[in-house]
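Each structure below is given as structure tokens.
You will see two complexes here that share subunit A, one where it goes with subunit B and one where it goes with subunit C.
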Partner chain A sequence: MAALLTILIDGLTYASWLFIVALGLTLVFGVLKILNIAHGSFYALGAYAAASFVGWAASMKWAPGLSLVAMLLAAVAVAAVVAPLTERGLLRFFYGRDEVLLVLVTYAMFLIMEDVTKLVWGANPYYVSEPYALFGNVNIGVQTYVGYDFMLVGLAAVIGVAVWWGLNRTRTGKIVLAVIHSPEVASSMGVNVSRVYMGAFSVGIFLAAIGGAATAPMISVQPGVSVGVIIVSFAVVIIGGLGSIEGAAVGALIVGLARSAAVHLAPVAELFSIYIVMAIVLMFRPEGLFQRIQARKI
Partner chain B sequence: MAHPTGPNRAWRVLAAAAATLCAAGTVQAQETFKVGIVSFLSGQAAESFGIPAVNGAKVLLEAFNKGAAPAPYNKVGFGGMKLEFVYVDENGGATKQVQELKNLYDREKVDAVVGYVGSGDCLAVAPAAEEMKKFLVLYDCGTPRIFEENKLSYVFRTASHGAMDNVALARYLKAKNVKVDSFNMINQDYAWGQDSKKDFAWSMEKIYPAAKPGEDQLPKFGAGQYGTEISALMAKPADITHSSLWGGDLQAFILQAGPRGLFQKSQVVFSAADHVLPGLGEKMPNGVILGARGAYGLMSPKSALNDWWWDLYGKAYNQYPVQAPYRMVQSLLGLKLAAEKAMAANGGKKPTPEQLAAALRGSEWDSPAGKIRMALGGGHQAIQETAIGRTRYDAGKKMVVLDDIMRFPAECVNPPADMKAEAWIKAGFPGAKGCP
Partner chain C sequence: MTPPKRPLAASPQGGNASGPAEPDPRRLLGPARSVVLGVAACVVLAVVGWFVPKWLTFLVTMAAANGLVSLGIVGLMRGGVVPFGQGMVMAVGGYAAALLFNKLGITDALGLALCGGVAATLIAAPFAPLLSRYRGIFFAMLTLALSMVTYGLLMKLEVLGGSDGFNLGRPTLLGFALPQERVGYVMYLLTVVLATVMALLARVYFDSTRGLVTLAVRENELRVEYLGGSVRQAMTINFILAAFCGGLGGALVVMSLGHVEPNFSFWTTSGEFVFVAILAGWQSVAAVFVASTVLEVVRSFSSAYFPNTWQLALGLFLLFVIRFLPKGIGSLWMRGPTR
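Here is the complex of A and B:
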């Protein structure tokens, strides 16, 4: 029983982190039809920006609790500055082109951003572990958990509900859904499709950056942090169905629990567990769990 | 037209001869020895291993070309030939590295390649260099398999393989009377991690026969998130938790495991962790037992050569050298002596790969970390002494220091020439000499 509880808690905390990052990936694909290989780079940018902002906040003698505000500001800064620059300055020129070309463009962005982060922040690691201690520890059975991990679960839930609410219960969300359904018809109804694209891309990048910012206190922020997260995020959105918020949530939970069970019961199968689950889902639902089969437009 | 005769002709012949000699001398003076330096310049291994190693190569290049290194390394360049380095990023996977290696030999026309941190990369590039009959020095990677499973003529490794690190850890625990009834392990799921955990488990079987292995975690390289693995290690805490994690993975593991109390519940031992000490500072828990894959950094021996190296690197980068630059410098010092020996045997001319290989095979030289001897793998694999210590944060110095340092001679923690590491450990370390 204790082992099952540990598996569930570990699975849930891992899934929360994964969901925040994968949600941005699925949102960008859902609206812009871009499989953004550079998503991990925005995650890394969020982590680096958080390291700088938290360091700045400490130098300004902000209260320790406000380091969370600094992390949020870091993610907002990445979304407000880098996302519009990328979308307006590069991606918009490729809209309507082959999806494979867009994958290549975002791959190029990934490579460029790897070097840009190194140019700006250098190769030395940054440590911002102070926020990790803000929520104390929680003892459950023989395990001691860091309260910050449970804060991430709450953050993931708030973000998931907020994005779902924004898309399904607000006027702006309805406009975004109209653009997803048909950009041409939405445009003919007076919707500024370009603005919707830029807004959706910025929100997607904000989610990647907040994922990176929230992870920064648990790691040493250094070159290469972008790589690991993108692969497993792709597994999540493929399981859930590209472009589906519910799919990202369920996909993250499935991946988190499968990985957690493997680590506790058969560690050698840790990596295998994620991809075997993905393969099984694709065997029965090639479009993912929450993606409806769509008729091809002619 | 009449031929010049008499004194006039003699002067002309002398002038022509002098001009020819001068020209030949100029060619020789301008000839360079070109070395490809391959290490991680980007990606997760850059910060801890690649860039410090390349930084080490850069200061050494300058010192060599000025003839400013101490004797016997004080000839300018390599035997008078100016030294030139070409730097290549190791990031991108083994397939890319094989292609990059071929580019270095074919397009850049390098005379030798010194490189490779990743054990997977080393396993991939060694056969490629061998096939091309080009000279290759592996300076860092740790998997014992390269020379134990292959007979190579053009490939060398100038640092000990990973078996040494894990044998030394087990011997240290015994020598310090650490109680070990059980041990858990967490290692990365690739050649280095897999080999390290096997070497440690086999060593423990011999040194602590009653100790029972428990958790055997194998996270992927670059996982970053270790919450679940830490839970598994905490669920059944063992007396010892062993790990060969390194770089960003090791830093993330320490930052996540520290607040959860793993370091209080279990004696953690790291086989290759000195490089994270300067960055982590007071975030590094006290009392952790660790190695550096050699007597490097804070565990390096006192010597004039080490003092020179420590000073050279410290002044250039404002921090002390850790294991990666140490392994780079010992590699380049060995290559320099081998090149100069091969040149001497070749009438002062640049040596061929075969001549270089013959000079380095079975050789030995002094390095800042002690004597390096190419004693294994038919003279292609180095052995060296190593050291293990215990962490303590020194608030006065504002840095992590290492206490209880114990040194292990090369023959104590490396297999003899006629045995593979696995067989040697499983046989109970026959022929081990000088163990403390």
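Here is the complex of A and C:
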């Protein structure tokens, strides 16, 4: 019973940051039709920026609680500076090209950003320990859990609801949905499609960066964090169905639970449990769990 | 937005221009021309390889062996799907060759290379009918999942050396032991010859009926079905052939390196093969090997001169190619109605 609870809580923690990151990925795909391999690099960028910002906040003698604000600022900075730069400076030249070619473009971005982060932050690991201790410990049964993990679950829930609300209940969201449905018709109705693309891409990158910033206290921030994240978040959106918010949530839960079950019950399978789940889901639901069936073109 | 579709009956060489009774001379000359050019290139490489420094023959060996893996990807790309997990078949071929060498004492390089290809084919074949149902991103992701499962297994299996992999000794060829100072050249020769043979076979296959059906699938698979062609059969066979190419390439790489490790199956390795395939384009077979050599050269030089930024150089290079040569290097010399 205790083991089951541990698996559930570990899985939920893992699922919550994964959901935040995957939500960004699915949003960018939904609006821009780009499966962004560089998404993991933006995650890493968020984590690095958080490390710098939190360190800076500590040196400025900010109260420890404000390190959370520093993390948020880090993610905002990444989204406000890097996202428009890559979208306007690079991606927009490739819109309308073959989907797989666009994946290759983002693969090139991934390669470039991998080295750029190394050039800026060096190859040594960073540790962001301040925020991790902020929420104390929580005792459930005989086990003790870190409070920060539960904060992360809360953050994921808040972000998920906010994005859903923003898309489905606001005027801007309706415009974005119109662009998703048909960029040409939306454009002829007077929507500035380029601006929607840039906005959606920035929000997507913000989600990757805030995911990175929020997990920075739990990991050592070092080269290579992006490589692992991107494939796992791909698995999440593929399981859930590309472009679906509910899908990202369910996919993240499935992946999180599968991974923590593997870690606790069959450590040998830890590395590939996620991919086995993804393969099984794709076998029975080729388009993912929450994807609407599309008509074939003749 | 798609350009007007060409009728299926017309061959890409535009054979119906001269009427059905007279076959297009280009079509008859085509195979002979390919064979002559292929053999000539092979002979030139063999002679030149004798005189150039060892690092260069090694570079070309790696390029040709990796090119075989990418050749399989090009075969699939002609049908409109891109596998993002071709590192898997390469790893299977490599591990099969290395295990046969170490455990069963088979040391013949040619035999090991072919066994690598067969092993990869056998592992990939059960998945082929399943994968043939998927397209686009989903095909890419499923193949990626397969390669990552393989990666995880290879990392965890201590019998196979775990994350470090293991080494293998010097191979023999056709019963002859290879002296230390010649083994590099002989492996180079073997790899170049096998690559030429596979390239010519690929050309024959691409121009065969099924090869042309594959091209038609890329255009519009529903029409292929209505005209009586089997899309799934074509895709299945393409995947199996790609696996053979990948396994062959993997075995050759492993024998030249003298080492095998799970990283062969990691997704970034697969990404490099896709990179080469995109760089080459799907029209020309020779372009695959040119592209593979270009990648090896860029990689070697940038890791020698800018060791910390070689991925940056590679990324910029890739962007440059996608922007200015969207149909790949092959489009530089493959003219005519194939678009």
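Heads up, the rule we're going with is that the second predicted complex is superposed on the first by the 294 of 298 C-alpha atoms of A that agree within 3 Å, B and C clash if a C-alpha of one lies under 4 Å from a C-alpha of the other, contacts with A are read in each partner's own complex, and residues count from 1 in each chain.
Going forward, a residue touches a chain if its C-beta (ideal position, glycine included) is under 8 Å from a C-beta of that chain, and two chains touch if they have at least 3 such contacts.
These numbers come from a predicted model, not from an experiment.
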Overlay done on subunit A, so just call it for subunit B and subunit C: clash or fit. clash
According to the stated criteria, A:227 is in contact with first (subunit B), second (subunit C), both, or neither; which is it? both
If you stack the two complexes on chain A, which partner ends up touching A:215: first (subunit B), second (subunit C), both, or neither? first
Pick one for A:185: touches subunit B only (first), subunit C only (second), both, or neither. neither
Who does A:116 touch here: subunit B (first), subunit C (second), both, or neither? second
Determine, under the contact definition given at the top, whether A:137 touches first (subunit B), second (subunit C), both, or neither. first
Give one of first, second, both or neither to describe whether A:271 is in contact with subunit B, with subunit C, with both, or with none. both
Which partner does A:162 reach: the first (subunit B), the second (subunit C), both, or neither? neither
Kindly classify A:129 by the partners it touches after superposition: subunit B alone (first), subunit C alone (second), both, or neither? first
Of the stretches 45-53, 117-125, 351-359 or 369-377 listed for subunit B, the one clashing with subunit C is residues 117-125
Would you tell me the residues on subunit A in contact with subunit B in one complex that are also in contact with subunit C in the other? 114-115, 118, 227, 268, 270-271
Over in the complex, which subunit A residues touch subunit B? Could you list them? 2-3, 6, 9-11, 13-14, 17, 114-115, 118, 123-125, 127, 129, 132-133, 137, 142-146, 149, 215, 217-220, 222-225, 227-229, 259-260, 263-264, 267-268, 270-271
Contact footprint of subunit C on subunit A as seen in their complex: 35, 90, 93-94, 96-97, 99-101, 103-105, 107-112, 114-116, 118-119, 227, 231, 234-235, 238, 242, 268-272, 275-276, 278-279, 282-283, 286-287, 296-298
Any idea which subunit B residues touch subunit A in the complex? 42-47, 51, 91, 189, 215-220, 222-225, 227-229, 231-232, 234-235, 248, 251-252, 255-256, 259-261, 279-280, 283
For subunit C, which residues count as touching subunit A in their complex? 1, 82, 130, 133-134, 136-138, 140-142, 144-146, 148-149, 151-153, 155-156, 220, 222-223, 267-268, 271, 274-275, 278, 308-312, 314-316, 318-319, 322-323, 326
